[in-house]
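Note that the chains are named A, B, C and D in the order they appear, and that numbering of residues resets to 1 at the start of each chain.
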């Protein structure tokens, strides 16, 4: 019975994906996550199934970590599915979207229950590639964003693929259990960092994220920023044998990268004008802190277990809140009861920045305990940063227009998602239900207060940030990279560029090209200097 | 049992006789021709089923017929040949159905189907050849049988393409012939022996063997479209879609690749070839071809040309897998023989459908074609994903095994980069098509659209073949580890070779 | 002094050579045919010389037989050539 | 019953007289004769296979004075091939010559040709060879002149004078041989043969005469015109048989009779000439504008292959290797016989239907004359040497033998020849498959096409698959 449920977790959404091509309803899109949710709660831990004749022989099982991921991912998929089924506007209300939505869900669930690397890789690939269809929209920018996303995802897949080859040829087995013993070569480790780092938007690999989140339908953004993004973290947890001494250097590296990500994300988030873009960059920042924590776990094998446990709670909390925020944003743009939704969003924001008695604070306390205050600076930094971003976000939300005719048909959203969101709200607040969330810590309060003050200071500059240089728009530096055209002999007869559809902006999008003229305005320079200084400053605490 | 050992002969006849009969038919007798075709194809399928059973239980299936001193015509069925025979038989059945639909009321159908059957006969003979002499014979016969198919349309373009095709393949054939004769004069009759017949004869002069290997590989490389011998392949695109499908997936290109496998494993023996330092050469050639083909494919706007270059690249995976010593790589290379065939034939079916139904020949005309022809485009998408190597489509399995084999043989440092590059490039030239087909709105009217009759987007005979092969490509990927799957069979082959 | 036989033989060969040269040089039909006959005569002469077996011995019959046949053949060939030539001329006149 | 040998010569001789006496039934007589000869040759071949070579002293006279007829594997197989070609060509001719007057002129000469070929293949001494050569030449010339136009007549005259020259040179050689050995019987010569000056001069003369008749490069200049301008069945016989029998005599003399008297250098010279013939002939065939001209030039090339064998065979030690090579030579000769005759017959059909045989204007032939095109393709396959034709096996053996005898330099020649041959064959096919309407409606000209098809099938399939018998036959079926 348990085995059956376990199999149904990835199998059901796949079947539904097929079905939804012909007949789509709220049932087809929400049945799978419901079953996943039920099985996540009901299946006894460490249930295992092995299907030797499937693929190259698959092993699935559900351990504690998997259960956690499955629980929260399924929850988000469920609600998002509800939203999608209620949506009547074009890109979402098509069989293609529903099918790809469910395929991505399949991939996500599959990689959660995977006990062998190939299943994981399969899930990861399915998820990543079908997400392309969730991002793409008729508009010029959206298409380009989707292309960029696809490019990065493919690179990630290939990095992962070769990492797999290295590891498997080393261990001779595709099971994760055999992994713990072996020594992961530096090359393999680098590939893993690259492969999952793209999903986790490590600084330098993050360009796709703000581009796609700020243009994709908000429902897609919700599942992207929540379940899918966290899959990268799960990947690290699964593939990288924590607690082994020989990865300390890599731990350090991740620590640095993560911290950079935190700062970069924060800075850019504060420069965004669209609420979704703010959320996107805050995701970059949050993922930065998580990567840093994972790096810390690697750097100190001694208490890797504890840190990772705490990290999981933290991640789950962020997963839930961030997705709920996106969904809320969606509601906010579509409902008449904007005030109520705004309040909801505010509550979520507070939970995210770890107000006492919230899941956020619980996670933070756990982390502080696990890291034994070695990262206190970084954590406090993130607390302040989060505060800034959330305030900025709320401010931006206020200025968000209701859905205009050109984007959706401005229909009042159905009651089902509406109810679901309000149900989700308290869960998001309390998640991940850690007992410690009762505890009350003054430190975070202080930090939050500091953050608020700082925000008030910054607001004065906001006027200067009206016209932003191109490298501060969503997808910052990528706009500069994209300028580097591949002038190669290989061109179409109808002379289009070499990779016309994959990475570079399409030729006809003249307006796009014009708008992204590089203009070094004073705030631009100013912004650059500040970033550089802060990043430099960051190295001091780490190497003390 | 005597009758049973005649099985290979019957398999040949099952397509040869219908073919000859079809030549005699009048143009009008459509029903009879179709009947003959299908009868032959199905009969062959049944016989092949029997053959699989026989080989699996290691029955001796061999026929010998002497043509002169040292020249023996040998038909012999071993695991490798069964793999190829099965592939060509199954795909022949599908392609025949497709061709019947495709050539609906066009002239010279008797001629076409006659040569079509001959072509498959030659391919099967190639697969069942028991020694180098027989192999060469069928190799040349294949060239002859395909020439009229390429030239079928009779347009100046077609005739020119066919001429180029012929020039390349026959020149290659002559080199192959010389190499084979040379080998036979120094080593006696060259039967295909698992583990390699030459590896037993250490007394031979290694330098002669190296030169002979070069001759053989060049001769086979022309058909296998190894760079720089690939020039004919894009030219042969003028052929009708079913022919291109057969050429690229089953008959010609695959024959070359199959020959390379034969020469390396059953003539030289892979360890022996490696010890002569020949595999490095082969591997280099294959890698260059893989990358070059993909790069060229990027810049093709004509759909069939793009597919042609992708064939150039994909087929060399087989050579690459062959060039790496070690069972895993062998499995990868051999199984790709099947996987590439199934996926590529799907792509060409789809391309043919686009051209037939909408007159779409260029990638730039394909915006939004997915809405007009969902079935075909679905098949195309699956196959394209497989080509890129995205699980669970079959292509992933081959790449996985080749990669593992490379690691096992310590060749990972150059093989894996090649694999990655080509995957990335494949994505770069396939995904834009998929994207245009599904996500881009239809911009201009189709060049020449046929009105839809019936409930499908096009005649069923054209729609089902790609769907069938596409689902086949998916299934052999998803059930790769299931018994009697290509992968399992390839494993059997590898276990018998080492 | 050289024997009669040898003399005949040499004469025969000489004739043959002369005829050969003439055949190769002349383009028109008639001279060519004539020189061919000279050629033939040379060969026959040689044969007859070969047949000679000393003053008092009977000559070897075989070469004579050969020569007779040869002459017949040559004559018929000549006749045919002339006939062809006439036919060609007629065609030209038409 | 050794008289079979006599019958093979006697029947056609008788028949040719009958046809003169009784012209209205000429074709029936001729066809029956051809079939009878075919039957006889089959029986003879079987006898040789069963009981080895056969010698028959005509009229009981001992050889030396009398005329000895001999048949062994070599001549038997050639005879068989010749009779097959001749019978097929006879049926073809029966349909080809619509004009009864033509028929009346054709059949007697045709039968004389048969007589000449048979007696040449069977005669066992040099002088008979001379006579039969002349007979052959004369009847061939007459047949060439049958297509009654300037080109044909001029070609015929040229052919005749060259033929006369050749046979006279040959005769001179005969004289020297007789002077040297006192006998002309090949079997006795084979025992006596010694490498002295006289023999060499004689051999040189004999060979020179034969080379002229065999049109070996550079003495090939007369051949294309003659073969191209004769009527189709005649060209078939000329290219397939008449030229080949001179080669037959040459090979007999060099390999069987005077083998001990030979120096390898001489054979090497022949080989080189043969190689040049291959290249030059193929090249000219590629440039030829007319189908029949192309076929004629390809004959030049194909004969070149036969000469390539000589140096190789001589260099090989007597025994298995040598027999293999010799069998290949024979196989090549036979296949070429069938293929070339089929090609000429096919070309004849096209010329009749289209009114011309210009290669460039053949468009649409494949549609209008499917079977004829098929015939030409089959014949071409055999000429190029693609499997499953006998030529393929022969070339395989040739390459193998040249590697065995360390004469690898023949290989590029063979390769080049093959590729050129492919080029000129598929040039024709390419035009034939191309668009155009050289022939109006779809025609099936069974009475001409079926004989041609039979020959083509023999060349490209039957001989290829059944060639093993040849080697069996020559291993134990040779006199010398």
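In this section, contacts are C-beta pairs under 8 Å (C-beta built on N, C-alpha and C of every residue); 3 or more make two chains touch, one makes a residue touch a chain.
Just so we're clear, the structure is a prediction, and the values are computed from it rather than from any experiment.
Participant: Quick check on the contact graph: shortest path length from chain A to chain D, in steps?
Facilitator: Between chain A and chain D, the shortest chain-hopping route counts 2.
Participant: What is the set of chains touching both chain C and chain D?
Facilitator: none
Participant: Just curious, how far off is chain C from chain A if you go by their C-alpha centres, in Å?
Facilitator: Spacing between the chain centres: roughly 109 Å.
Participant: Using CA atom averages as chain centres, what separation in Å is found between chain A and chain B?
Facilitator: 43
Participant: When the C-alpha atoms of chain B and chain C are each averaged to a single point, how far apart are the two points in Å?
Facilitator: 69
Participant: What graph shape do the protein chains here make by touch: line, ring, star, complete or other?
Facilitator: It is a line, because the chains touch in a row without closing up.
Participant: Pairwise, which chains touch?
Facilitator: A-B, B-D, C-D
Participant: Could you please specify the touching residues of chain B with respect to chain D in the complex?
Facilitator: Per the stated touch rule, the residues are 23, 65-71, 73, 107-108, 111, 133, 136-138, 140-141, 143-144, 147-148, 151, 154-156, 159, 162-163, 166-167, 170-171, 174-175, 177-178, 181-182, 184-186.
Participant: Sort out for me which residues of chain C touch chain D in the complex.
Facilitator: Checking each residue of chain C against chain D gives 16, 20, 23, 29, 32-33, 36, 39-40, 42-43, 46-47, 50, 61-63, 66, 69-70, 73-74, 76-77, 80-81, 84-85, 87-88, 91-92.
Participant: Chain C touches which residues of chain D in the complex?
Facilitator: 64-65, 127, 130-131, 134, 137-138, 141-142, 145, 148-150, 153-154, 156-157, 160-161, 164-165, 167-169, 171-172, 174-175, 178-179, 184
Participant: Across the complex, what residues on chain A touch chain B?
Facilitator: 52-57, 96, 118, 121-122, 125-126, 129, 133, 136, 138, 143, 146-147, 150, 154-155, 157-158, 161-162, 165-166, 168-169, 490-494, 496, 498-502
Participant: Could you please specify the touching residues of chain B with respect to chain A in the complex?
Facilitator: 295-296, 298-299, 301, 364, 385, 389-392, 397, 399-400, 403-404, 407-408, 412, 416, 419-420, 423-424, 427-428, 431-432, 435-436, 438-439, 441, 477-483, 487
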